[in-house]
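After this come two complexes, each holding chain A, first together with chain B and then together with chain C.
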Partner chain A sequence: MSTVTTRADATVVRPWQQLVIIWALLLTVPFWLPLVGGYTAIAARVLVMALAAMGLNLLLGYTGVLSFGHAAYFGLGAYGAGLTLKYVAASTPLSILAGTLLGGIAGTLFGLLLVRRRGVYFAMVTIAFGQVCFYIAYKWDDFTGGYDGLRGFVRAPLDFGLFKIDITGNGMLFYYFVLVVFGLAVGLQALILKSPFGRTMLAIRENERRARFLGLPVEKHIWLSFSISCFFTALAGTLYALLNNFADPLGLNYIMSGNIVMIAVMGGMRTFWGPLVGAVLFVMLQDYVSSMTTNWMSFVGLVFVLVVLFFPRGLMGVLQKRSGA
Partner chain B sequence: MSAAVPKLEVRSATKRFGNLTAVSDVSMRVASGELRAIIGPNGAGKTTFFNLITGFFPPTSGDILMDGSNISRVPAAARVKMGMGRTFQITEIFPELTVRENTRIAVETGLGFSLRAWLSAAEKKRVADASEEVMTMANLTSKADRLVGELSHGDQRSAEIAMALALKPSLLLLDEPTAGMGDEETYQVTGMIRRLHRDSKYTIVLIEHDMRVVFHLADRISVLAEGKLLAEGTPEEISANEHVQNAYLGKAE
Partner chain C sequence: MLQLVLFNLTNGLIVGTFYVLMALGLSLIINLSNVVNFAHGNFLAIGGYFAFVLTPFIGFWGALLVSPFLTAIMGYVIEKLVIRHVYARNHIYSLLLTFGLGFILQDVCRYIWGPSPLPLNIPAELSAAITPDLFFITWYRVFMVAIVAVAVAGLFAFLRYTRVGMRIRAGTLDLDTVSALGVNVSALRSYNFAVGSFLAGLAGVLAAGQLGLNPNMGDDLIMPSFIAIIVGGVGSLTGTLLGGLLIGVASALTTVFYPSAAEAVIYVIMALVLLIRPRGLLGEEGMLQ
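After this line comes the complex of A and B, so read on.
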């Protein structure tokens, strides 16, 4: 029986243990992060990038389809939230809802044009659409702030009627607010992945032809997966705008799309929590290295290459790779 | 179902690719509950013929009928829903998922749950039971939680057949079910096919190269050569047929 490998004993750290460790760390961030030289706002940035990459990963890691244009939905989320706060109402929940719908619906509609493309062609078309969004934000000075980005909005306190929670500061409260949104979003993702629909995503990743001959309408499922993925990445974008009180046209650029892909791949795209680990690494590198040199991206690139060469399944994938043989 | 209506009927099916006629005017009637083997040398058009039956592409001319209704223009996915299950010459499975997950996806798709976000407890039980049932038929219950990609070739084949069974087909098409297998595995898969035929009364059409398997299993055999139907009959008739011996059996064995 020495070669017998099952799902359970192939995992060094069991899923429920991962869950406990990860949530224990996330919930206590404001208490331990300053001790290791970090600050709470950077932790919020990690959560935002992780959520963007986990959204992408539903498509990339679980459906097996690569989008190189997820910055478009991230950026649309950010602008949607910013524009709502600036022009419509000083309501944080409304801005999140509006931004998520803007990015998600754009992705859903665009996905209709995409689903018959595969592989490189799919990725190329997603880049193209991302760049279209980027140039619109970049050129439309009056509305989007153009090159300078969208400023002149601030996140509003949460108003629960009986009491208000002031999340306008950069401290603990805002971090926990982001963490709650993050928790709800990834909980929803986990439910989707555990559903019959979620299993069809895996089926398409594993063998599209087999899936088709089971009678699955593969294009429809890829479209839905793309759409769901865009909604989550757009939600991350809204949080990004709230975090910075700023929406940046570069958030729509293909470089940002590449960053989101890198985060998922470095962390481990076949694992649920991989993108979170990737986001920790990415944001840490971004923060520490960019304080030393403006050329920080080349360091991130180097780390990316090393991770891909030595841990092809990503950092989190290492935990799941070892077989019982 | 009246005995007069064949489970599967092919009427003068022809498939041309440009100048090449891969299948030429082939007719066939497969009765309900029959196990039919299709044999023939490489390039005889067997897999093309299978693809016509399963709707991979439409025939250039001729008709395909299942339970008496013409399905020549019905797309592949819809034929699956009508009860046509298929396995491929190259095993098509979901390698990085467990046997249980493989069959569960097939069961859920067959039950029309594939777009569902959740299942009721009763539905979950129904899925688990059906998945357990096909794993039992395929003799895979002891390997249910192993990744399919890590199983032996024979077990992967069995898993693929289990997935086809999960869709509750009334007609099962198996493209070279024992291809590339050693004696042990061939025996295992052959035994499974015989059980499906004898005990579970499936109508089965299979393409096979291994003559021992064919003569052991088949009720009737159709011989294709160069796209044409060369002969059809019981295993005894086929092994006595001179044309077949000249065209195929003599050379191959």
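After this line comes the complex of A and C, so read on.
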């Protein structure tokens, strides 16, 4: 493990400059994306995947613990939102709240069984728990739609009492809605990382044994970090369901977990914005390759292998390292 | 009812033996190299397809002998080419790497042999039932369990009595010391990976004879194999053996009473084991890592 902590100020691009560039690009997406041949729905998908991977990255990049089962919480978020819209009430905020709580609480409970394991075994147990959720969604036909996924719900307009914002049809308005949620969630993440709790997470990542000797309750912190990360990933899942008006059992599968981990690694898991960059790369690649060839699996697989062998730091990691050295 | 229970019990035993073969191979690799081989199920499929190609030339028996060795060679080469580069790194990379490899191997199978299922022809004498009463127990099933028993016994003998086997066991306990004593650890890991792949290949041939071949035939077996390892206990091959049989039989018996929970029950077993005995049935204290 590298002993260098993420010192963003070592880069040539200063953090506030980075922040301005990223938000300027994100805010103007609907204006420049069509010019480079994209469409707004894909930008919303990038944001959703980025949020899922940034949630995971609190655990992976900042606590140094690998979950290979985050698709479960992503998928539970999606199903929670979908089921709320379908059976309870046509309210977008309520569905987001319900989905986030469902995924987050499930993660918190699973986390209790997980915290005493480390390394590959932690990862293996997270995969197995992920598959439990997959099988439930898959088998419980009459409630979840089984193999075909959950259909029959649509996102509802936002009702602020005085005025309404109709995000149902308009792709651009929905993109901004996702962006607002994304911004709030990411801001909250930044606050968590700046807090003493966030510093403790870093301490555990850098040297778990030393953290333990300092008297830190390591298990409790890993559990909390796992739980928080599940809440964020579940929130991303709810947005995914709203984006597609559909919840897919494959969104719960371990392949999805692998994709979320890959997004974080590809962009740079030791950097705050890495997963966003990774999501841009990954979604673009997926979109492009699946439109080009039916053998998309070998392409995605090849990207996995190449990134691991040659770009283990991810794009942001490479950039920071190069300019910082 | 008795017949139904018996049918599912034997079924469970057979499925359990697949889990055992898969999980033992995975477990060997995890114990020595700390790599969870996500592509293990795809190694299994490739072993099956090797047998499919070889059977017309050397018959089922020849294929049963040869294709595990071919799978082992393939595993050895893949380990040498890519996997060994990630040993020194965080385990996240080995997971992602083998995950990607699995995608590639699956697509290769689909590209060469097509996406539709293919049958593997087994000798006629094996497909007959042992008695008319127990029509569902074919000789092939008996034979499979016997082969797996032989393979497991062979593996344990290999680990106990051969030089490489002893080194693998020693390396599982303390790789640094083994290395300091002058053992070529890099070669040891390659041999170990090859042995694990051999077991996957053997499972592939046996599975193909029973269930036929398709490019993602390993996918259904990989997750139960993970659970067999977790349930059995980390670092204990005997535990893995026990775990595999346990979840195989448990899920088969659940099929009798409540079919839709057949998959769920193995996860319930895992959760219970984690709650009551976190180190697994036979896992050693201190091997929790």
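Heads up, the rule we're going with is that the second predicted complex is superposed on the first by the 312 of 325 C-alpha atoms of A that agree within 3 Å, B and C clash if a C-alpha of one lies under 4 Å from a C-alpha of the other, contacts with A are read in each partner's own complex, and residues count from 1 in each chain.
Quick note on the criterion: a contact is a pair of C-beta atoms (placed from the backbone, for glycine too) under 8 Å apart; a residue touches a chain by one contact, two chains touch by 3 or more.
Nothing here was measured: the structure is a model prediction, and the numbers come from that model.
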(request) Count the residues of chain A touched by chain B and by chain C, then name the partner with the higher count. (result) C
(message) Between chain B and chain C, whom does A:V46 touch in the aligned arrangement: first, second, both, or neither?
(response) neither
(message) Is A:Q131 touching anything from chain B or chain C once the two structures are fitted on A? First, second, both or neither.
(response) second
(message) On the A-aligned overlay, A:A203 touches which partner chain: chain B = first, chain C = second, or both, or neither?
(response) first
(request) Would you sort A:A98 into first (chain B), second (chain C), both or neither based on which partner it touches? (result) neither
(message) With touch defined as at the start, can you tell me which chain B residues reach chain A in the complex?
(response) 54, 76-78, 80-81, 86, 88, 92-98, 101, 104-106, 108-110, 113-119, 145-147, 150, 163, 167
(request) Could you pull out which chain A residues touch chain C in their complex? (result) 1, 60, 66, 68, 113, 116-121, 123-125, 127-129, 131-132, 135-136, 139, 254, 258, 261-262, 265, 295, 297-298, 300-305, 307-309, 312
(request) Give every residue of chain C touching chain A within the complex, in rising order. (result) 30, 34-36, 82, 85-86, 89-97, 99-104, 106-108, 110-111, 223, 226-227, 229-230, 234, 260, 263-264, 267, 270-271, 274-275, 278, 288-289
(message) Applying the document's contact rule, which stretches of chain A touch chain B when the two form their complex?
(response) 4-8, 191-192, 195-197, 199-200, 202-203, 206-207, 209-210, 212-217, 221, 224
